[in-house]
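You will see two complexes here that share chain A, one where it goes with chain B and one where it goes with chain C.
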Partner chain A sequence: MSEEDDEIILSELNDEDLVQQMFDDLYDGLKEEIEESVNILLERGWEPYRILTEALVGGMTIVGNDFRDGILFVPEVLLAAGAMKGGMAILKPLLAETGAPRVGKMVIGTVKGDIHDIGKNLVSMMMEGAGFEVVDLGINNAVESYLEALEKEQPDILGMSALLTTTMPYMKVVIDTLVEKGIRDDYTVLVGGAPLNEEFGKAIGADAYCRDAAVAVETAKSFMARKHNQLSAG
Partner chain B sequence: MTNALTRLLETRDWLLADGATGTNLFNMGLSSGDAPEMWNEEHPDRIKALYKGAVDAGSDLFLTNSFGGNASRLKLHGAEKRARELSRISAEIGRDVADAADHPVIVAGSVGPTGEIMEPMGSLTHATAVEIFHEQAEGLKEGGADVLWVETISAPEEYKAAAEAFALADMPWCGTMSFDTAGRTMMGLTSSGLVDLVGKIPNAPLAFGANCGVGASDLLRTILGFSARGPEVPVIAKGNAGIPKYVDGHIHYDGTPDLMADYACLARDCGATIIGGCCGTMPDHLQKMRAALETRPKGPRPTLDQITEALGGFSSASDGTDGKAPPARTTRRSRARG
Partner chain C sequence: MTLDDQQLTTDGLALDPSAGQVLLIACGALAHEILTLKRINAWDHLDLTCLPAILHNHPDRIPDAVSDAVLRHRSQYDQIFVVYADCGTGGQLAATCDALGVEMVPGPHCYSFFEGNAQFAERTETEFTAFYLTDFLVRQFDAFVWKPLGLDRHPELRDTYFGNYEKLVYQAQTNDPKLVEKARDCADRLDLTFEHRVTGYGDLQTVMASLKAPNAHYS
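Showing the complex of A and B:
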C-alpha cells in the first residue's frame, strides 16, 4: 500500500465519515486522533452531548460488544478506553456548561481484601463511555466506605467487584448492611468479577450479576430506563 | 540441575497436586477480605491442617499458603514489608508436613499475580515486578520450598517477570496461567500462545499449564490446546471443582468428588502430567482423584464432545486456537499498519 492511500486527514472528512473514522480510531486506541476529531466536531458546531453519544459512546459500544464476544481482550479495551478518556476530558467541562442530560450516576469499588481493579476499572471506563457519571472508590473497600460514598454521592447504582474466592462473600456483607439500614432499595446493586455468576449474584441479594464491562453498561442502562418509567408512572 | 520434582517426574507417569487453598481456609474460619497469608503466623496449626489434608488425601505435591504473599498484594493489609517473612513461614510449615509424610511430597512455593497491570497498558514496570517476585522467591526458598510455582497469571509480561525473578533466586519453577475469558487469559493469550511463551524463556519451567479459570471443561480444552503443540515440558492441569454457588452463608463449588475423579483421568488423557484441583477442590475430591488415577487405565486423547459430555459445556464456542474465533473489526488505520 502506498503512503498516500494510508494518509487520513481527519479535517477533510465529512461529518459522517469522521464519526466512522472515530469508531475505527477508538477501536485502535488512538488517543490523539480521537482528541483531534472531537475538536473538529466542536469547531463544526456539534453539541458536546451529541459528540459524546454519537461518536464516543457509539464507538465504545462497538469495542464493548467485541470484548463481550471474546474478539477484543483487556489490553485492547484499555487502549480504547484511554482514547475515549482523551475525548471525554475535552467534553466534560462543556457538558457541564451546556446542562446535558444526565444518564445516571454510579458508585463503584472493589471489596475489602481485594486488590484487583482491572475489571472494575474497565466497568468504570465503559460506564463513562456510555455517559454515566462514575465515582470510583478504588480497591479494598470496607462496608463503611461504601455507605459513606452512597450517602455523599446519592448515586443510582452501586457497583461491587471481587476477583477472589476469598473476597466475593464480602459483597453479601455490604448488601446485608444496606438491608439492615433500610436503604437497599434506594440503589440498583450490580456485582461482577471473574469467580461470580448469575446465581451467586441472586443468592447474595444483588439486582444483577454482570459478566463483563459491556454487560454492566447494558444492565445499568436497562435499570435506569426502568427507574425513569417508574418515576413517570408514579 | 536435579531437584525433588524432576526426580519424582522421572519415576512417575502422573503426579497428583493439591486442591483449593481459599475454600479450605474459609471452612476453617477465615473471614472474607482478610489476608490468608497472615494465618501462616497467627494460625500455623490451621495451615498445617490445610497441607496435611492434601497430603493425607494422596497429593504428591502441594502449594504453600503464599498466593497473595507478595508486597503488592500484602500492601492493602499494611503488611507489604512482610512478603519475604510470611512466604518463608508458609514454606517452613510445608517442609515439616512434607518431610513427615509417608510418601515423597513436593513443597511448591505458591506465587500469585501482583494484581497490577504491567507497562505499557498499566503502571507496573518490569523491573519492579521482578523485584516483587524475587523478594517472595527468596522467602519461599529460605523456608525450604522444593520449587516455586507461579499461578493464576493472565499477562505474558508478568509470567516472564516471575521467571526472571526465579532465575535470580536460582530456583526451579513451574508456572500456570488462568484461561478465563473466551478460552484465553484475560489479556487475550491462547493456550498455544503460552506454549510459545514457555519456549522463549531462558530458564524454562519444569512444568507449565493452566489453573482456575471457568470450569473443568474449559480447563481441559486448554490442556488439549497445549498438548496439540507437543511441548517438551510437562503439562499441569489444576481446574476448579465446578462453579461457585452461595449456600448457607458460604461459597460452595458444585463439582462433586466423582466428577473431579472423571476430570482427573480426562486431564491425563488430554496430556497433563501434574493434575490437581483449584478453587472448591477439597480432600474428598483429591482422594477420589487419586483412586481414579491409580485404578483407571490411561485412555485415548478425548474429543471436545467427550469432554462436554463428561463435565458440561464450554463457556465460549472457540478458544482462539481453532481459527473459528470471530474476527476483529477491520479499521482503515490498522489495515494501513498491516
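Showing the complex of A and C:
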C-alpha cells in the first residue's frame, strides 16, 4: 500500500471521527491539521465554543494526563500546545462574537527576576480554553505591575509563576503587599512553578498551589464555583 | 582515577572507600572538581560518592536520592556532607538534610557557588537573562540540554525555551581552550551571545576546606 493510500482526508471524516482525529493530531502536535479541522467543523456549523471545548480542550486533556503520568514530556506538550494555539487563533475572535460563556477573569505573570514562561503560557492557554478571560503580564513582573493590572482588570484570580528557588519568595512580597493594601481577599491567588509545592503555597498565603496547567484550571473553576455560591447565598 | 562523563550522568560514582572519615555525597556533575580539589590539597580524609548528574533535570527526585544515600552510608562515616546546593528543589533538599542531621552547600545552585554565592547574588538583578554552563555541562550539553528539551527532534522549539534568555555564560572551572570553543558553539546553537567567565572552584573549595577530619581520629 502506498503512503498516499494511507493519507487521511480530514474533510471526508464524519464529525465524530474528525474530533477523534483532532485528538490524535493534537497529541502529535500537528498545527496545520488542527487548523484545517477547526475550519472544517466551523463550515459544518459547529459553534466555536463547542469546537474549543469538545475538540481542542478534550484533546489537550489527554495530552495533560499523559504528561502527568510520565508518558509525554515537555517537548511533546509544547508541540501540542502550539497546535492548540493555532486552532484557538481561529476561534478566539469568533468566541467573542458568538457570546461564549465566560467563567471568570485571571491576571497572570511570572514574578520579578524570572524569565521562565513555558508553564505560565500553558496555564494561560488552558484557562482560555476553559472559558476564562486571561490577561497575561508576561515575565519579570514587579509588585507594581501586578497591582496596576489588578486595579485595571478587576480579575477574579491572580496567578503567579516562578521557576527559580531564588525568585519564588517574591510571590510572598506580592501577597504581603495585597494584605497591606487590604485587597488580598478580593482575589483568589494561585501560584505555580517547578520548585514550589503545596506547603510553600500555604506558607506564603496563596489560596492554592497548582502542580500543572490542568490542576490550575480545575482549581480556578472550583474557586469560581465557591465564589458564585457565596454570592448566591449572600 | 579516570572519570567517564556519561557514567557520571546516568549512574553517578560508586563509593571507593579509603581512609576517609568524612563522606561527600555529591552531584555527579561535580565529581571532576571535587576529586581535583581533594588531590591537589591532599584532603585524604574525604571520600566521595556521586548521585547521577542527570538528577539536575529532575530536581524533585534529588531529596529522596540524597536521603537514600545518606542512610545507606551513615554507619560507615563520622560525618557526611552533601555537595548539592538547593538545585531547584525549592528548599526541599535543605529540609531533608536538616531532618537527617547533615549539612549541605549553601546557595541556590552550582552556578552560584562556583562563582561565589555572594558575588552571584549581587549579579542577580542584572543577570537573570543568562543561561549558565559549567565545565561538566559544556561537555554534556547534548545529554543535559539539547536532547532532554527535544531540540534534536524539534529544533523549532528553541525560541520557546530560550527566547527570553540573552546570553550564555560559560563558568569555567578549568582553563581548556577546547571547552571554550564547545561552549561558544552551545551559545550559537541556542542563538545566545557568549560570555566566558573563569570562576575556578569558587565556594566549593571553601566549603571542602572547612570539612576537617574529626579530631577524635588524631588522638
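Quick note on the criterion: the second predicted complex is superposed on the first by the 230 of 234 C-alpha atoms of A that agree within 3 Å, B and C clash if a C-alpha of one lies under 4 Å from a C-alpha of the other, contacts with A are read in each partner's own complex, and residues count from 1 in each chain.
Here is the rule we go by: a contact is a pair of C-beta atoms (placed from the backbone, for glycine too) under 8 Å apart; a residue touches a chain by one contact, two chains touch by 3 or more.
Note that the structure is predicted; figures quoted are calculated from it, not measured.
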Original post:
Should the superposition on chain A be reported as showing a clash between chain B and chain C, or a fit?
Top reply: clash
Original post:
Now for A:L196: first (chain B), second (chain C), both, or neither, which partner does it touch?
Top reply: both
Subject >> Touched partner set for A:L91, first chain B, second chain C, both or neither >> reply: neither
Original post:
Regarding the shared-chain residue A:N140, is it in contact with chain B (first), chain C (second), both, or neither?
Top reply: both
**OP:** Once the structures are superposed on A, label A:G70 by its partner contacts, choosing first (chain B), second (chain C), both or neither.
**Re:** first
**OP:** Figure out whether A:Y170 sits in contact with chain B (first) or chain C (second), or with both, or with neither.
**Re:** first
Original post:
Is A:L78 in contact with chain B, with chain C, with both, or with neither (first, second, both, neither)?
Top reply: both
Original post:
Any idea whether chain B or chain C touches more of chain A?
Top reply: B
Original post:
Does chain B (first) or chain C (second) touch A:I118, or do both, or does neither?
Top reply: both
Original post:
For chain A, which residues belong to both interfaces, chain B and chain C?
Top reply: 73-76, 78-79, 113-118, 139-140, 164-168, 194-197, 200
Subject >> Interfacial residue positions of chain A with respect to chain C in the complex >> reply: 73-76, 78-79, 82, 113-118, 139-140, 164-168, 194-197, 200
Original post:
How about chain C: which of its residues touch chain A in the complex?
Top reply: 59-60, 86, 88-92, 108-109, 124-125, 128-129, 148-151, 153-154, 157, 160-161, 164-165
Subject >> chain B-touching residues of chain A, taken from the complex the two chains share >> reply: 1, 5-6, 8, 21, 24-25, 27-28, 30, 62, 66, 69-76, 78-79, 111-118, 139-140, 142, 164-170, 172-173, 194-197, 199-200, 203-204
Subject >> Residue ranges of chain B touching chain A (in the complex, touch as defined) >> reply: 20, 22-23, 25-26, 30, 32-36, 72-73, 75-77, 115, 117, 121-122, 154, 180-184, 186-188, 243-247, 249-251, 279-280, 316, 318, 320, 325-329, 331-336, 338
